[in-house]
Structures are given as structure tokens and as C-alpha cells.
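Beneath this line is the structure, given in C-alpha cells, with notes to follow.
Each chain gets a letter, A, B and C, in the order it is written, and its residues are counted from 1.
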Amino acid sequence: MDIFGDIPWYIYFAAMILKVLVAFVFVLLTVAYATYAERKLIGFMQVRIGPNRTGPIGLLQPIADGIKLFFKEEIIPAQASKFAFVLAPLVALVPAFISFAVIPFGDSIQIAGYKFPLQIAAYADKAGTVYDLNIGVLYILAMASLGVYGIVLAGWSSNSKYSLLGGLRASAQMISYELAAGLAIVCVFMVSQSLSLQAIVADQSGLFGWYIFRNPFLFVAGIIFFICSLAEINRTPFDLPEAETELVSGFCTEYSSMKYAMFFMAEYANMVTVCAVMTTLFLGGWHGPLPSVLNFIAKVYVLMFVCMWIRATYPRYRYDQLMKLGWKVFLPITLFLIMGNAIWMTLFK
Amino acid sequence: METLFFLIVAAIAVICSLMVVTNKNPINSALSLIMTFFCLATLYVMLEAPFMAAIQVIVYAGAIMVLIVFVIMLLNIKSEAGRRTSHALFMGISVGLLLLVQTWYLLVKSSLSSVRGTVDSAMISKVGHTELIGKSLFTDFLLPFEITSILLLVAIVGAVVLSKKKL
Amino acid sequence: MSPFAELFPLIVYTIATVLIISGLLLAAWWLGAKTTSRNKEMPYESGVIPSGSARRPLSVPFYLIAIFFIVFDVESAFIFIWAAVWDQLGMAGLLHITFFIVALLLGLAWLWLKGGLEWGPTKQVRGSRSEERGL
């Protein structure tokens, strides 16, 4: 078993299983309580109370919702393509979860003389050198580009007009904004000189080490990345695919029970992932005054709050405005940002 | 353990690519093709070419397959049933066999298997795969790179010209 | 060092995620009610009985967007490569990538002028539609 370097294989395995469990439970719990937090927050912002019946101040609401959805009937429309119809929720949810595998959610910890980096796809050898997937940034982009299939499949396989329209809109929107988001990230690894997320986080210690404060081009890139990511995961104000007023529920119109919940979970899991990526790439990752993991979680939650706040504030875009924003504004701007960043960094080295 | 893992991934890749050609429903074929690309990406990572793996997923699975799925939806292709003739089957099998023999010949008889470049595993882990590609692309393969930009420009123009009646 | 040690946790995590999610789906299928009726299996169209197939051919702009996406995706792949080593390549690399980006920006500008990115009803389309109606 020399493939695991010089650490004993049982330690490697134990650390791996523990990290997988922790990350999975963290994402799952955050997803569950993000639905509650969002309903509560938007409730307050609209001078309502929000869920308050199940448990103290409605805290058991997500659990009640989950149990209810388990016992609901699964309806598969008669003319649907069964295989694709069942596969779609899975395809929508899995990329959202597995993007999390390359995100360092804390500083490396030392236990019994061994060093464990807090990142799923990473390990350290006995000398303490941390190895991680050295294309972490590209891995995130790759997973983001797969998210589109869940929605296309759901829209196509339902054999319903609303679903098809919702699915199509969503896919065109996602691929348009994926471009701008990918190009905005380029500015980050021009500074970091590495595609590994461990290296990117290590480079951002101190408040003014955060990439978003490094230079004006990175600042703009960070904001564009966040907006594009919101559009890519179909959050308000870019939630055209499920525009209730025109498309009933968009691509998931025909879904019921757990399958419907899967799309809902995918939306929130994507939100967690996007906020985690934003934190890692632009906001210093786990660096900060608190213990490293808490910094990371705090930053992610603040960003998620911003997402919810945006939802309560902005009206929905029109489709032609949305495509115009993606192709005529963000795409050229990100290309200029890359050039500008290169020139800035050559001048002020 | 690595060999076992390789065998599993390779088996999934072969099964999925068989499903691409045998599936009656075109969307299911497209899905199998995406899965095949995934397995290929995994194999690239195993061969210490992580950048290729990422590009395989981003460009092939993420972009080209979206277009193919769109085309299937655009043309509203129905599942093809009983359209295959024995003629096509015969030709397919003979071309397949020919390619198999050719590949085997190349692998065993020619010097292809014995050519070794300057890049090895130690160099990749020291410099990084993306960096190595970058350096050679921008020094030795500069002309092809610039021609690519023209090619991409032509692709944009071509797509617009084909789709618009009036320019 | 083999890349397998980094890849392995990723694979385990992926498999675990897929298994847990399909487990949830299976559990819901097993626990949920199972009654079927013709009306339940009809696609939802706000109470109207659906007519015709839902698999309508989609409009050309979606198809165009997919093509442009491939072009710009390949372009961004080249930009990723350059950005990973840009300071080692120095001025020469910057000039080459400028040429590359400018070529693509020209493509984008051409696209823009020719209306390849238009989504709303343009004047031209409105005109041709009213011609068809004989107005």
C-alpha cells in the first residue's frame, strides 16, 4: 500500500472517512436550515413572522418538511421518459455536493504526529507537505458545468410544456453565465500562480491579503464572479427557470415527493458551494481571527445571508435582459479584466 | 490497488460506450457518452494529466454534450427502432475490426510504444501539469495556438451565417 | 507520488454521495403512497387538458448560444493555460494572449452587430411577422 505515501493506510482511511462524513453532514445540515433561515429572513423583511409552529420559533420546520416529503406519493407522468425522469434529480444534486470535495474548510490539524489538511481531496505526508488536487479551481468549474444536465433532463423528460421551457431557459442561462464566472476566476490564479486551492488559501493571510482587496481588477472580478454564480445556480434575481408567474414551477413542474425535494436541495447545496468557493477564492478562505473552521463557516453564512437578502430585494430579470447582461456586459468585462490585471501586475510588482 | 481501480473505470467506460451505440433513446445515448467522458477524465488523472481531465469534463462533457443534447431536442429525434439494416451492421463490424487490428499493430509492432519524451512523472509533480502545457504551448506551439484563435473566430462567423437568413 | 492518493477520497466521496441520494430516493419511493389514476399521470397545464406533444422543436437562438458557448469555452481553456504561467512567459506571452483575446472580442463584436445575441422581438422580426399575417 505504498500509494498513500509514508502514512499508514489505516490512518489515511480513518482521516478520509471522517472528512467525508463531516463535509457531507455540514452541507446537508446547512441546506436543511438554509431553507428555514430563508423563509424566516424573508418573512422578517416583508414584515411577516415566517414559520413558527413546529418546535420553538419554528426550528423543527425543515425536519417536518423532510418527513412529510418522504411520505408523499411519487408521480411519474405517463408520457415521461422514465429513466431520464428518475435520473434528473440525482444528476442535479450530485455535482452540487461533490464540488465541495476540493474546498479547504480549515487549516491543517496535527494529531499524533500526523498532519491532516481539512479538505477532502488532500493528504499530507509525514514531512508535513500537503498534497491536494492541483487543478482544484478547474475541478469546481467542471462540476459547475455538469449542473446543467439535471435541469435539461428534468425539463425534457417530463414531457410537459412548462417543464421544457423552464429547462431550456435554465440551460441557456447557465451556460452563458458559466463563461463569465470561469473567466473571472482567471484573475485569481494569475495572482496565486497555482490552481491548487490549498495554495490559493495559503496566499491570502491577513485582511489585505484577501484577493478581493489585492487590486481593483480583482475586486471587480470577485463581484462579477458572485453575480454570475447566482445566475448559474438560478437564484433570484435570475430565477427565470422557475418563474412562477409564467411557468408554474419551471423544470420541476411534474416532480413530486422526494424528487422535488432533491431539486430544492440542489438549489441550496449549490448556494452553499458557491458561497464556499467565493470565500475560498476571494475572501481569504479560512483565514481570520477565529479558529480556522469557524472563520470559514462564518464567511459562508454571511454570503448566504447576502443571497437571501438579494432575493428579498430584487425583482426578477426579463429573459432578454438576462442574456444581454451575460453576453454583452459580463463576458467582455471579464476579458478586459484579465488584460487589465496582467498589465497592473506587470507595472506594480 | 491502482490496477484494480483502473480496471473498474475502464470497464465502466467500455460498458457506457457500448450503451451509447445500443441505446434506442438518443438522450440516453448522450447520457452514456457523458459518463464515458467522465471515465476518460478519471483515467487522465491516473496518468498524471489532471489538466487534460479538467478540460475533458469542461469542454467535452460540459459544452459539446450540451450542444448535442440541444440538437437532439431541436430536431426532436424520435427513438430509432428497426432502422438498422444488416448492411450497416456488417460494415460497422468490419470497420471496427479493421481499427482494432490497426491499433494492435501500432501498439505492438511500431516504434510508437517506445518513444519517450522529456516530461516524466517527477517533472510533472515538480513543475505542474498545467504549467508544462503552458510553457510548451506559448513557445514551441505558438503558431498553432494563434491559428486556433482564427479558427474559433471562423466558427462564430459560420454559426451566425448558417442561422441567419438575412445578414 | 502517484495522483491516486488525492483522487481516492474524491472517488469515495462521489460514490458515497450518489449512494446516499439514491437511498433517499428509494426510501421515498418505498414509503410514499402508490395510487395511480389517468388524471394524475397527465402533465400539469393549469387545469387545461394538454393537447399535442410537449416535445416541440426549440428555437434557433438556444442552439446558437450552445455553439457560442463551445467557442468561448475552448477560448477560456487556452486562457487558463496562459494564466497559470503568465509571469514566466512575460511580455511575449502577454502579447500573444492579447492577440488571441482581441480576435475573440472581434468575434463577439461581430456577433453583437449581426444580432446573434438578440432575444427579444427585434424590429426586423416584427416586420416579417406582420408581413406573414398580410398586414
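Of note:
Criterion: contacts are C-beta pairs under 8 Å (C-beta built on N, C-alpha and C of every residue); 3 or more make two chains touch, one makes a residue touch a chain.
Predicted model only: the values in this text are computed from it and were never measured.
Between chain B and chain C, the least number of touch steps comes to 1. When the interfaces A-B and A-C are ranked by how many C-beta pairs touch across them, A-C comes first. Our note on geometry: chain B versus chain C, Cα centroid distance of 19 Å, whole angstroms.
Rounded to a whole number, the gap between the C-alpha centres of chain A and chain B is 27 angstrom. Inter-chain centre distance (chain A to chain C, centres taken as mean C-alpha positions): 17 Å. For chain A, the set of residues touching two or more other chains reads 3, 133, 138, 156, 168, 171, 175, 178, 182, 194-195. The multi-chain contact residues of chain C, meaning those touching 2 or more other chains, are 1-2, 4, 7, 55-56, 58, 62, 66, 68-69, 73, 80, 84, 104, 108. Touching two or more other chains at once are residues 1-2, 50-51, 55, 58, 62-63, 66, 70, 73, 128, 130 of chain B. On the chain A side of its complex with chain B, the touching residues are 1, 3, 81, 83-84, 87, 133-135, 138-139, 141-142, 145-146, 148-149, 152-153, 156-157, 168, 171, 175, 178, 182, 194-195. Within the complex formed with chain B, the chain C residues making contact are 1-4, 7, 11, 55-58, 60, 62-64, 66-71, 73-75, 77-78, 80-82, 84-85, 88-89, 92-93, 96, 99-100, 103-104, 106-108, 110-111, 114-116, 124. Taken together, the chain B residues at the contact with chain A in this complex read 1-2, 25, 27-28, 31, 34, 41, 50-51, 53-55, 57-58, 61-63, 65-66, 69-70, 73, 128-130.
Put simply, chain C touches chain A in their complex at residues 1-2, 4-10, 12-14, 16-18, 20-22, 24-25, 27-29, 31-35, 38, 40-46, 50, 53-56, 58, 61-62, 65-66, 68-69, 72-73, 76, 79-80, 83-84, 86-87, 91, 94, 97-98, 101, 104-105, 108, 112, 117-120. Against chain C, the residues of chain A that register as touching in their complex are 3-5, 12, 16-17, 19-20, 23-24, 69-79, 86, 89-90, 93-94, 97-98, 101-102, 120-123, 125, 131-133, 138, 156, 158-164, 168, 171-172, 175-176, 178-179, 182-183, 186, 189-190, 193-195, 248, 253-254, 257-259, 261-262, 318-320, 323-324, 327-328, 331-332, 335, 338-339, 342-343, 345-346.
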